[in-house]
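See structure below.
A, B, C and D are the chain letters, set down in written order, and residue numbers restart from 1 in every chain.
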Amino acid sequence: MMKLARVLKPGTSGRISARSDLMDVLCSNGFFNQVGISTIGQNVGANDRIHAQYYVYKGKAALSACPVLPRFTKLNNGALKVDRPGAMMLTFSPAVAERKYDWARKQLFALSVTEVGSLITLGTKDSCEFFHDPSIRTSAAGQVRKSLSVKPLMDCSGYFISLNVVNNALQTNERLTVPITSAEFAVMCTTFRFALPILMGWDRYNNSQPLLLNVGVTTAKLDASKLPKSIESEWDR
Amino acid sequence: MMKLARVLKPGTSGRISARSDLMDVLCSNGFFNQVGISTIGQNVGANDRIHAQYYVYKGKAALSACPVLPRFTKLNNGALKVDRPGAMMLTFSPAVAERKYDWARKQLFALSVTEVGSLITLGTKDSCEFFHDPSIRTSAAGQVRKSLSVKPLMDCSGYFISLNVVNNALQTNERLTVPITSAEFAVMCTTFRFALPILMGWDRYNNSQPLLLNVGVTTAKLDASKLPKSIESEWDR
Amino acid sequence: MMKLARVLKPGTSGRISARSDLMDVLCSNGFFNQVGISTIGQNVGANDRIHAQYYVYKGKAALSACPVLPRFTKLNNGALKVDRPGAMMLTFSPAVAERKYDWARKQLFALSVTEVGSLITLGTKDSCEFFHDPSIRTSAAGQVRKSLSVKPLMDCSGYFISLNVVNNALQTNERLTVPITSAEFAVMCTTFRFALPILMGWDRYNNSQPLLLNVGVTTAKLDASKLPKSIESEWDR
Amino acid sequence: MMKLARVLKPGTSGRISARSDLMDVLCSNGFFNQVGISTIGQNVGANDRIHAQYYVYKGKAALSACPVLPRFTKLNNGALKVDRPGAMMLTFSPAVAERKYDWARKQLFALSVTEVGSLITLGTKDSCEFFHDPSIRTSAAGQVRKSLSVKPLMDCSGYFISLNVVNNALQTNERLTVPITSAEFAVMCTTFRFALPILMGWDRYNNSQPLLLNVGVTTAKLDASKLPKSIESEWDR
């Protein structure tokens, strides 16, 4: 079975589903280098300054994976809204000698939440392929095309994960392939499953400060205009 | 296989199993708008003011999902009790143009904990259907009927999720259908599994403040009347 | 397939594997009522004063499930040790009228960690049965025998969960049976999986306060006698 | 199917994939006893001073399992980097009498993250075997060889887990075998899955302090030189 994920081309709608393309835009444009700090709020600190990759070192290339956290905006009423979902960042680096990898020539591929869903449901005989255009919705659209393919090994004991980057401007065509054992794939699937709710911001839904029924006033008719907007919209209709 | 979830009609028993119907009651009655604030305790803040939906945009409609946290009451002894379990809120909105959706015409369906259990155990060839009456146990019972059906795509590569809302008072009959890929369904199942214990309030069971054996007094016969009631009832028999 | 869990009869070994029998001892002896407070440390509060059960109401009986947290002891070096693993407490109550249950006649069965493992790995055609003697290792051993059986429904769409309590002293023999749909079983399995690490105290293993390599002194030969005992024993041999 | 995990022999590359061998080095060298304290940062306390093992007691030996947390280093910019991934520590102890085990003769085997991946994906008829050399990359390499094998029971109702330790220096050859039921294996797999992200340090990726879009300055062109290094490298290229 071949699952095919097309590049979605969002129109003028406010919402973008192909978020991971946007990530590539930001990366390839050096957005985070040049104006990136403007997207960072008061707490650059704690959470995104963790370096905890899962590394797989193989003969021709190394692959690493780590979560990229979502970004929130603070609404006027104080509520937090996911502004940009997180992603699972895959990094490929070519081998330059035995067990030596050239991290300067690394290639990135940011799996969206749904692409992660595709990976974690992959059967041992299944394939899937994802296409990203890092310059989507800019004048440079189509110049760089990335595709990530996951194909079963002959004996179904794992997968080939290949990243192909075609750069028409530089006239380069690079392919980095890492064979993955079923054990390594199990680590990925297990930790990607763990990460999915976090990429979506759902770890903020918890009962550490539970919503309490204020028994004493349940029958009172209180002024709806004082109801916090976020609660209204949550329960609206 | 067709799993069929009937609308349970609780009698005079204090406990209600069809909690998600109650949610629809609250929603359709504008309960949360009018007297809603009376159900909100001292901490409206932190947790329920998060907007983190999983969105699926398709040709005819968009579907989004997010958890609704349970509500607790504080017992006289200070213990917290789940007063109303949480739910997984599904929101359907019709498309009005390419990639434009009319969120004002959205329809809600609050999956109960057990309905979530039905979804996450669905095989690739299985169907299920849930019925809700938002006006259950009121004089308006039967006026609005909602049904959510999940049916496999022809090639079992995903599901059709359809919400049908029949409003006898307004004489309207609306059906919103969103085709879901297996990747999108995997995202839902994974994050719904993550959310289930939270919807039930079980994330409050943890060892951050572990129950300690007070070694020095284990043999002392202490006054049972001073034993906290909640502990007594926990171990009671 | 019939999985059979025998009652383990621990000898004089300091460790007890049939912890859930001990729980029944404590319950049936009213241990927690009479001397129970001696087992409660300085923080009765936060965690174990939560009432968040998963309820299943059926025609002849109701079943509820909730985790019972493990108990820790504080070692001389300040480390925490699991003194008694947690359990998954199942409560059965007979129906006395339509949707009315007699909670005063409830029967408890505390699933051990391994019994939970047995449940969550149960195939749709599998059965399992567990035996507990609440008075094990006392002079009253054998007087009360509890057995919990889980058997597939005819069409494999769920299970019958039955608790049988034979009390030779009172000459009573009570059986409470609750049919469980696969959706309800999925809720149990999902939340029992969530709870397992907590029952074992493993949620205390986390990196909220990460173990740091103190780079500046890595080459120094420090006095081993000052090494905390718990660390020594962890890495010993 | 026989999954075979070879001992990886890392070259001069800065990164070591066979971390669990290193753990055995540290253990066998008494590293943690002698210079161990130098690897402990300011917070020995909280997390690694937990004793919460999963014990399986059988006729000829007992097996226990618990997570060993990863170790972090603090980079100059304040970011935390996983310096040494965690492991799942298995401990085998021989039986010396009925239900009595000689913990002084215990043998350790630290499963790496990928070896845990191999275990949790094991089918009921699958086997796997791991080899560790605790003295790898020292002059004593090859003197002690440990191998852990997991083989299905005849009726596929569980596994034999065997640890074989060959010590050429002492001319000893010890084998400790514990039969594991499918219920016990389910407990292990479930809790190992829970622990995997923690062993990798991924539990530090969360939204407790969410990255906020600082709306007011999004269009400003800020000085890239002030961008925190860790963010730059995260999004680089």
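The rule is simple: contacts are C-beta pairs under 8 Å (C-beta built on N, C-alpha and C of every residue); 3 or more make two chains touch, one makes a residue touch a chain.
What you see is a predicted model; the values in this text were computed from it and never measured.
Listed here as common contacts of subunit C and subunit D: no chain.
Centroid distances built from C-alpha atoms place A farthest away from subunit C. After Cα superposition, the angle needed to carry subunit B onto subunit C is 90 degrees, rounded to a multiple of 5. Centroid to centroid, with C-alpha atoms defining each point, subunit A and subunit B lie 27 Å apart.
Averaging Cα coordinates per chain places subunit B and subunit D 38 Å apart.
Residue numbers of subunit B whose C-beta contacts span two or more other chains: 70, 80, 201, 204. Contact topology of the protein chains: cyclic, one closed ring where each chain has exactly two touching partners.
Chain pairs that touch one another are A-B, A-D, B-C, C-D.
By the touch criterion stated above, subunit B contacts subunit C in their complex at residues 1, 3, 5, 10-13, 15, 17, 70, 75, 77-82, 113-118, 120-121, 193, 196-197, 200-202, 204-215, 217-224, 226-228, 230-232, 234-237.
Touching subunit C in their complex are the following residues of subunit D: 26-28, 31-55, 57, 66-74, 80, 83-84, 98-101, 106-108, 157, 181-187, 190-191, 194-195, 198, 201, 203-204.
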